[in-house]
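Structures are listed in the sections that come next.
Okay, so chain A shows up in both of these, paired with chain B first and chain C after.
Moving on, here comes the complex of A and B:
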């Protein structure tokens, strides 16, 4: 074909292939950078611990120096290898290694977080659609959506647990405390979805909205075929925030409401018996961090897959 | 009496009436367009040519006067999907493949999937991009995207095609290429075309009639009939073309001087 536009296309396709390869390379590099970062963090920790012995001595000799810097003894900063080793130790009074226990607890917390995350998507999206539908609703309600996040989560968590036990007995299944923790997580997750979702629903350009109008498409059709698909990259950005927030919400919910079985409860207990096993607290905190990173990576992968199939890129 | 494709009678448009930022965009517009005509609206910026096109499309409502499309009110024509529209920016949905972009209006009209797919294939052949149905718009050049947008606007065989500076963002070579494409589609489909541009050669090359508009407030200064016959690569280098270009330019000069 002697069409100059089609000839140009060949060049573009080659460029696109190179782009894709470069993107794959970037992904690998990110993993490498992250691994190096973790290792460097470990060395910094250990290095400070060795170097800090001198500071400790100085603080003992001159109490006036105070204790601004963290103490480096094994109680305050257990050696890294001890912390890692602790995962394979079977704590007294139990019959499983700590790593296995933490994994089970992480799954318990993950369930709370996942339910809270999904509920947050549904609630947040519903709010975003309602606000996108009506200017007046947006102006009237949006400040309250923002204000909702000024309520301290820790303060309402026990309330939600009590409220769930007393008032949610009408559901067709038996209400359990972990479900209340999911509600607490929802409180954190709906917000980014509502805010970003609204931005996304309002993101179509005027000419695209005019196009839909020229087809005599109603609001519902415009939502389904234009606004919602246009909002998907925004929703993924929100989902990444919401996913990590759902883990935070679940852990904080467990701690402040005293719900057992998950990582939040574990962190709380290990903090209480810190002096008899500081490594266990560190291990529990690491497990919590890994869970947060895990859900973030899951959403990021889903984002890459979904947007990639549509020939789009993630919002940066 | 044959029905006019477009009938505009003493139409005026005021934006923000009664407010400090009130703008008299159009006054006393009378224009009849017959089926099969290719009419270009040309004029300096602020002359209201795009506004006039949007009035025909019933995307905005006139302050005074009436507009009929195919013998019915402009709004009814919009609801009946009597026209297709192409904008300066292609405005393709980047999450849809090229084929599914073309199928968008058909989906909205409730066409069956198999018919939609058959139709989008036909349209892709028509704009000579048959092999690009599965591509995403971001992979295509601006000129190709604009061709897809035109295919989309023609997919449901509207009797009227409204084009708002569709080639404004393209380079000169691509632009001339696209002009031939549009002329070919126009003669193959028999669609009436209303085309907004600010390029004099483009207006002359494409139209059967050039409507010259003047600004502040927008009104029709004069209309110039054009008959270049079958266009080809030499048309733009021949005397009749230059004469018409000169005539339109003179009309625009007069408008600016006034």
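Moving on, here comes the complex of A and C:
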């Protein structure tokens, strides 16, 4: 026990256990807060609906208000229980409940999004490294990186689909339209990675860079040993943005380019038949939101796993 | 430094895991064609899930079968639809699923349309071999320089209506004056504008134009007095909706319709378009075009005579869009847009072509009447001759609409 090394190890273990407990507690608290928030949202929705219907009934008394506020009848705001119940309904002509179908659609979209996300990380990182390497490149290229994000997705989506069908048949596997949607997702995801990555690569303090210099480390070595590790926390911040953006990109791509599956396609179809089944559109939108939250949580978990306790502390 | 390298390893592990996830998903599709296709069919059956994808895999499977069966090589063909899978395209799905395309040596992949997909553009840029497009939506890009041509005029009538509630008292185009008139835009408004102009109303000042979603909610909400509707789609949607006042579905007598076919400003709709340059330069493509049109028209003749089977094909092919009840309604109305085809199915009706062009030029949609290459009938004529030789009724002279029961929500 007198051995300071052993004692230090014990102390460290204890700290780790405490940290884990604290983390578990934090996690539980977050789940609880989130759940309460969802329930409150549900009550707000239902409360407003009841309020609006009361106004509708008394429309003669409050005509002005009734025409300004969103409508609250069942066509425009289906009851929340109907929306939730819709997940367990088996739509006509199919043999699975809607919840299961939406899960399958979500997996289709998740695949597009994941491929787009990974490609976005690679492209974004490559750009970040290139820009960090050369100031001239940074000055010349960076405006274009920013300008790329002002191009409306719906303008490029059909082009990408057609281009993919026609020009990408040389890949060793059969090119399919969903892969073009991944390219659209990549278009959204590379940007935060490039911008944050560049900041991260430039984040080491001058004295650290000078130290590397004094070791006669080359640019590649400095990148590997100093710049890139320093950029990881920045990259995770970017990845969180990129992950949700990849889902958005996949959904928008599906809607605009006519890929035969996924949540975006489903939202589009349910919007068309909204008049006869508004609950189903709400359900599809909820499923999209859940998918977005899911990928965010996955990246957050990956961040915790990668950076560990110290990394998080360093960040916060 | 040690911490950094641990971080790096963990980061690599995370990236590897993500890559594996993506690869695992991808393998479902790219792996064994049969297995992948089955998976797709499962998800496809329940939803629109992986539908276009499933088509692609279908193609794979056919290839596989063909190699086993020592048959002649099938020619791969991609067909770009104007919209999502629904009975509007039943003939093509029937031709695919019942083997009509295979019979003529084609392996056809049918690709969904989307909000921003212009079939003519996809066709011209080589993203598809043939495309289904309304005539004006083919002619406008053609005038802008795309060399595409209409090779088979499948629909002989327009399916576009303006639908109002009976109590709004809109029984004729004149009654639209001063009303809120819905339209979808994107080139769906031409017939409406020409119809208004035909009775001396200015679309921009004599009515209030309202941008309408692709559904009928705004009509039911009362935001629109006369809503744009396809007779085979949105019109049925109203009938499939419960009338909050009666608790029953809306009835046809609750509604009044303006039919552009009656007004005389109807424009030709679904036609098969091909790449005109390729038709001229590539005899093999022309031959494929004849085969494709022939098998497609055979599909349409089949759907006329086998109503329910085609509804099932569509429901299997695509999403549960509106459900089987809705697709049954649509199949019936689509048949009525095609049949009877006095000149033979797919043959251009010159009078309606002229009317379409007249409406388009008078509305400034087209700067000038299109040249002679905008449509050609030689391919359809050959296809029709082949079908007649095979004993298939190509005019449907005695076709009558069925009585399709409207189901709540179209389910």
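Assume the second predicted complex is superposed on the first by the 273 of 316 C-alpha atoms of A that agree within 3 Å, B and C clash if a C-alpha of one lies under 4 Å from a C-alpha of the other, contacts with A are read in each partner's own complex, and residues count from 1 in each chain.
The definition used in the following text is that contacts are C-beta pairs under 8 Å (C-beta built on N, C-alpha and C of every residue); 3 or more make two chains touch, one makes a residue touch a chain.
These numbers come from a predicted model, not from an experiment.
**Student:** Between chain B (first) and chain C (second), which does A:216 come into contact with in this model arrangement: first, second, both, or neither?
**Tutor:** first
**Student:** So, A:123: does it touch chain B (first), chain C (second), both, or neither?
**Tutor:** After superposition on chain A, A:123 lies in contact with neither partner.
**Student:** Where does A:12 make contact in the superposed view: on chain B (first), on chain C (second), on both, or on neither?
**Tutor:** After superposing on A, A:12 lies in contact with chain B but is clear of chain C.
**Student:** Is A:80 touching anything from chain B or chain C once the two structures are fitted on A? First, second, both or neither.
**Tutor:** neither
**Student:** Would you sort A:274 into first (chain B), second (chain C), both or neither based on which partner it touches?
**Tutor:** Only chain C; A:274 stays clear of chain B.
**Student:** Does chain B (first) or chain C (second) touch A:229, or do both, or does neither?
**Tutor:** both
**Student:** Counting touched residues of chain A, say whether chain B or chain C comes out ahead.
**Tutor:** C
**Student:** Once the shared chain is lined up, is A:248 touching chain B (first), chain C (second), both, or neither of them?
**Tutor:** neither
**Student:** Can you list the residues of chain A that meet both chain B and chain C?
**Tutor:** Shared contact residues on chain A (touching chain B in one complex, chain C in the other): 225, 229, 232, 310-311.
**Student:** If you look only at chain C, which of its residues touch chain A in the complex?
**Tutor:** 1, 3-4, 6-8, 10-11, 14-15, 18-19, 21-22, 25-26, 29-30, 43-56, 60, 78, 81, 84-85, 111-118, 121-122, 125-128, 213-217, 220-221, 234, 237-238, 240-241, 244, 315, 318-327, 407-411
**Student:** Could you pull out which chain A residues touch chain B in their complex?
**Tutor:** The contact residues of chain A facing chain B are 1, 3-6, 8-9, 12-13, 16, 205, 207-208, 210-211, 213-217, 221, 225-226, 229-230, 232, 310-312.
**Student:** Would you pull the chain A residues touching chain C in the complex into a rising list?
**Tutor:** Listed in rising order, the residues of chain A that touch chain C are 71, 73-76, 91-96, 100-102, 104-105, 107-108, 110-111, 114-115, 117-118, 121, 154-155, 157-158, 161-162, 165-166, 173-174, 176-178, 225, 228-229, 232, 254-262, 265-266, 268-269, 271-278, 302, 305-308, 310-311.
**Student:** Which chain B residues qualify as touching chain A in the complex?
**Tutor:** Those residues of chain B that touch chain A are 57, 59, 78-81, 83-85, 87-89, 91, 93-97, 104-105, 107-109, 128-129, 132, 135-141, 143-144, 147, 173-174, 177.
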